[in-house]
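Each remark here refers to the structure printed beneath this line.
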Amino acid sequence: MKEASSQEIMTVTAARLLRDGTVCFVGIGIPSMAANLARLTHAPNVVLIYESGTIGAKPSVLPLSIGDGELAETADTVVSTPEIFTHWLQSGRVEVGFLGAAQVDKFANLNSTVIGSYDSPKVRLPGAGGAPEIAALAKETLIIIEHDKRKLVDRVDFVTSAGYFRGGNERSDAGLSGGPSAVITDLVVLEPDSVSKELVVTKIHAGVTKEQVRDSTGWEIRFANNLSQTESPSEEELVTLRDLIRRTKEARRKLS
Amino acid sequence: MKEASSQEIMTVTAARLLRDGTVCFVGIGIPSMAANLARLTHAPNVVLIYESGTIGAKPSVLPLSIGDGELAETADTVVSTPEIFTHWLQSGRVEVGFLGAAQVDKFANLNSTVIGSYDSPKVRLPGAGGAPEIAALAKETLIIIEHDKRKLVDRVDFVTSAGYFRGGNERSDAGLSGGPSAVITDLVVLEPDSVSKELVVTKIHAGVTKEQVRDSTGWEIRFANNLSQTESPSEEELVTLRDLIRRTKEARRKLS
Amino acid sequence: MAPKITDLKSAIQSFIEPGMQVAIEGFTHLIPFAAAQEIIRQGMTGLTLIRLTPDVIYDQMIGMGCANKLIFSWGGNPGVGSLHRLRDAVENGWPNSLELDERSHAAMCVAYTAGASGLPFGALRGFVGSDLPGHNPSIRFLDCPFTKDKLAVTSAIQPDVAIIHAQQADRQGNVMLWGIVGVQKDIALAAKRVVVTVEEVVDEFAVKSNVTVLPSWTVDAICEVPGGASPSYAHDYYQRDNAAYTEWNEISRSREKFLEWMEYHVLETKSFGEFRERIVS
Amino acid sequence: MAPKITDLKSAIQSFIEPGMQVAIEGFTHLIPFAAAQEIIRQGMTGLTLIRLTPDVIYDQMIGMGCANKLIFSWGGNPGVGSLHRLRDAVENGWPNSLELDERSHAAMCVAYTAGASGLPFGALRGFVGSDLPGHNPSIRFLDCPFTKDKLAVTSAIQPDVAIIHAQQADRQGNVMLWGIVGVQKDIALAAKRVVVTVEEVVDEFAVKSNVTVLPSWTVDAICEVPGGASPSYAHDYYQRDNAAYTEWNEISRSREKFLEWMEYHVLETKSFGEFRERIVS
């Protein structure tokens, strides 16, 4: 079997962080891929909620858009989008929020709005979507992002979704519980320090060097004392993931 | 054919005030009877909304409770009770609200809460239900009540649902539009004076004397200059009403 | 995570404790009579009972001394008249005094929706000119931060336990109800714990129009109790027993007759099944 | 009272005027492409466009100069990447500058629900620690009158016209849509006027699960436009044309190629039917 790519390691590592039975609010893209991989491997009873209104969706292929028909057909129930945000997210029912972003900073704040200034942006990004409230209201947030100096930055250009603000108790002092519990990249896993809330590397993927991590991070990155190597994807995980991607590609080809 | 009873005249007179196509929020009892009579005679396209969530209900017999199954089966759509109050009443979609009450006063304020004081009531009545918001938010309110000194009073013991407050512009000054346009009793029709908002008799049912009306009203009742006699129920109206009541009784007997 | 499919007696024993806030809902349809009577049977006291329309179901509970507070909006016997036990409690403090938190239907609805949505209050256009806010601190006013409109606000309701009745649960513990769906979804999602009695447990749900579905992981206990909403009705199962509502007017009018009826039908029976046998005979 | 069943060209002519606030909704499903292209065809300008996800539908309208303001929450090409025309307008003011009223999905939803409910604002738990409120006066904070919790509030949205696409209307003018129902009911009930394009007009609706029904008297115009949501999808009618979304990335990347494409496919065609013929060929 072909060895795991760094993207595959990232996806599998993220998937493993989902416990069985967890209620998970899923964004499209890699979060959706990781969440569905978890569902197809160790967490068959994970409950996937998409902002399009599907609760308990069990898609056989990955949705390209957040509201593909198969999500509705395989869901336990479908509700309106307003109800998803009020009765299901804001009410505190979501245990894990799975998010991506264009930038994440040292204190796990997320930017998906602009690069540069808001009023005359260098790059206008898509914007908030459901992220600010997922980041605020899920009991815990997992962030998946490609490891790149321009993406893991000292301070995001714009705080779309709050992580730990500028660190310490600032988040809880502002009345928010929860918060990001891990940032999974294609090189490492970062977790917030329990006191300062600064993201530190706790796991490093096989074959990745500390130098490489330092060079790819936009702040002076620290490594945890108990730094360990990320457990490699199992054959079952890789086969399942590759199968899922293959089925998805086939389904999309058929539609085109 | 048997002559119309005073209750039948009241119901027919109320029914006539509903124009075809009107969106009407209906309470149970005589309001429901009058609204359905209108639907079965001159106003086939009246839209009946019940607070149980049925929109466009077309029951063949009168519901005993506001949520009888037939209301759901004959409705254009059924929504939740919260949605009825937010999206259908509060939004200003209801043209006519049809209400009853235990007491109505000179300025068309309604009491359905207590006789006596709130904290140690002589009679504890059922309470507000949907009435305060119907009275506040429907474009127009019709009130049906038996004509009795203890029911048509100078001042209600408790304002459950506001009419014209203490008269004049008090209602509009408080930010409310609409308001009661007629009170239909088994003796007369009362309408608010355009300036003082005091209820005055504008129509008097056949065979009823002014003396009788004065004796049955809890304030010094006035009669409009253009006082006229209530048009008598037509044969079609009476036949339809009696049929409806007969069908309703039969249906209830079958269920018991 | 999945709800326990259990018997009603155990479910009430596990989830209801004296002093709790309990909402037993069902707007005219699917009123959970069986569950309420089991609470009476277990001699529960000191409850705060929550319900838009107390109906005969709370008249029985109040008369039997289960409650010391009522949060409600319309307390009559629908289509019949007064709730005599409710009136006796409010007018004469029998069998005990009853504190009232009285709102309107619209206000109760927004309070349930706020509760289900994790918001501490709900806003509505209402109560202007009404005497109710003067008697209820749960209703206040605020100015819209954008338009300065004066709006009423009411505090969210998040009961300790919500009890509802549904037509069906499937074997995974998902719950489905249809027809007039009332306020049940909101109160179920607002409550800390949810107990559902159902007409039947089925292998799979059929497609129905106007459906409320509660996924299994939002429900704590499911009890199969056929007829458990009677004398109210269950759409597609049985119709409203209007005669029972009318008879209740006579049964409940005097304290003696009421107590005798409750003793024979509820306290002396062990389950809703036995109750139904005594009702029919 | 009943809506006029009419053709799309007339409906757009009757209901859309320059300068209006227009919401063209459909959350990932049932996106009313045909209606939007008819607005482009009629050379409309100065619109405030409202939509959670501008998607390709607004990318086309913004690029063609229909809009000078956008109220939205997520402006990407779902599953593909950027909306190049939206970016060009915001980053470079081409073809004109575009004012932004930018919220989150949750805030847009409560703004629609408030609009549909006749409330001037909606409250939510959100935006604490986010930079968005600093750039948008439509998002403020207030303290709960009961608990003193700090809550975000956002102003209600009540557009002049809402346009949605549904699977079916019946001959009386009632509208039914199902599958992912998104935000359509709220925006339709929030708007002053409602135009609905449908896949087909039927004699009678079949029972479907997860249904939204708009009674005829809430709708102003109905236009039968088969395929009118393509390249998005209509549940039970056709699937999402993912290739078209991917191709849009290339078409929209340069101003020239975009204008050429719009000219040939939209401006030179007289209807959505003709547009579809050119797309296929």
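Just so it is clear, A, B, C and D label the chains in written order, and each chain counts residues from 1 on its own.
Operating definition for what follows: contacts are C-beta pairs under 8 Å (C-beta built on N, C-alpha and C of every residue); 3 or more make two chains touch, one makes a residue touch a chain.
Because the structure is a prediction, the values reported are computed rather than measured.
Any chain bridging chain A and chain D, meaning touching each of them, is among C; the list is complete.
Interface comparison, A-C versus B-C: the pair with the greater number of contacting C-beta pairs is B-C.
Per-chain CA centroids place chain C at a distance of 40 Å from chain D.
Mean C-alpha position of chain B lies 28 Å from that of chain C. We define each chain's centre as the mean of its Cα atoms; on that basis chain A and chain B are separated by 57 Å. In chain D, the residues touching two or more other chains are 113, 118-119, 124-125, 149, 185-186, 210.
Residues of chain B in contact with at least two other chains: 77, 86, 90, 137. Contact topology of the protein chains: irregular, matching none of line, ring, star or complete. Here, these are the chain pairs in contact: A-C, A-D, B-C, B-D, C-D. Considering their complex, residues 118-121, 123-125, 138, 140, 142, 144-147, 149, 151, 153, 155-156, 207-211 of chain D touch chain C.
In the complex of the two chains, the chain C residues touching chain B come out as 27-29, 52-53, 72-76, 78-79, 82-83, 86-87, 90-91, 102-106, 109-110, 112-113, 124-132, 135, 149-150, 179-183, 185-186, 210, 212, 233, 235, 239-243, 245. Those residues of chain C whose C-beta lies close enough to touch chain A in the complex are 1, 113, 116-119, 174, 185-186, 189, 213-218. By the touch criterion given at the top, residues 28-29, 51-54, 63-69, 71-72, 77-78, 80-82, 85-86, 89-90, 109, 113, 118-133, 136-137, 158-162, 165, 171, 174-176, 252, 255-256 of chain B touch chain C in their complex.
Partner chain D is touched in their complex by these residues of chain B: 21, 23, 45, 47, 55-56, 76-77, 86-87, 90-93, 137.
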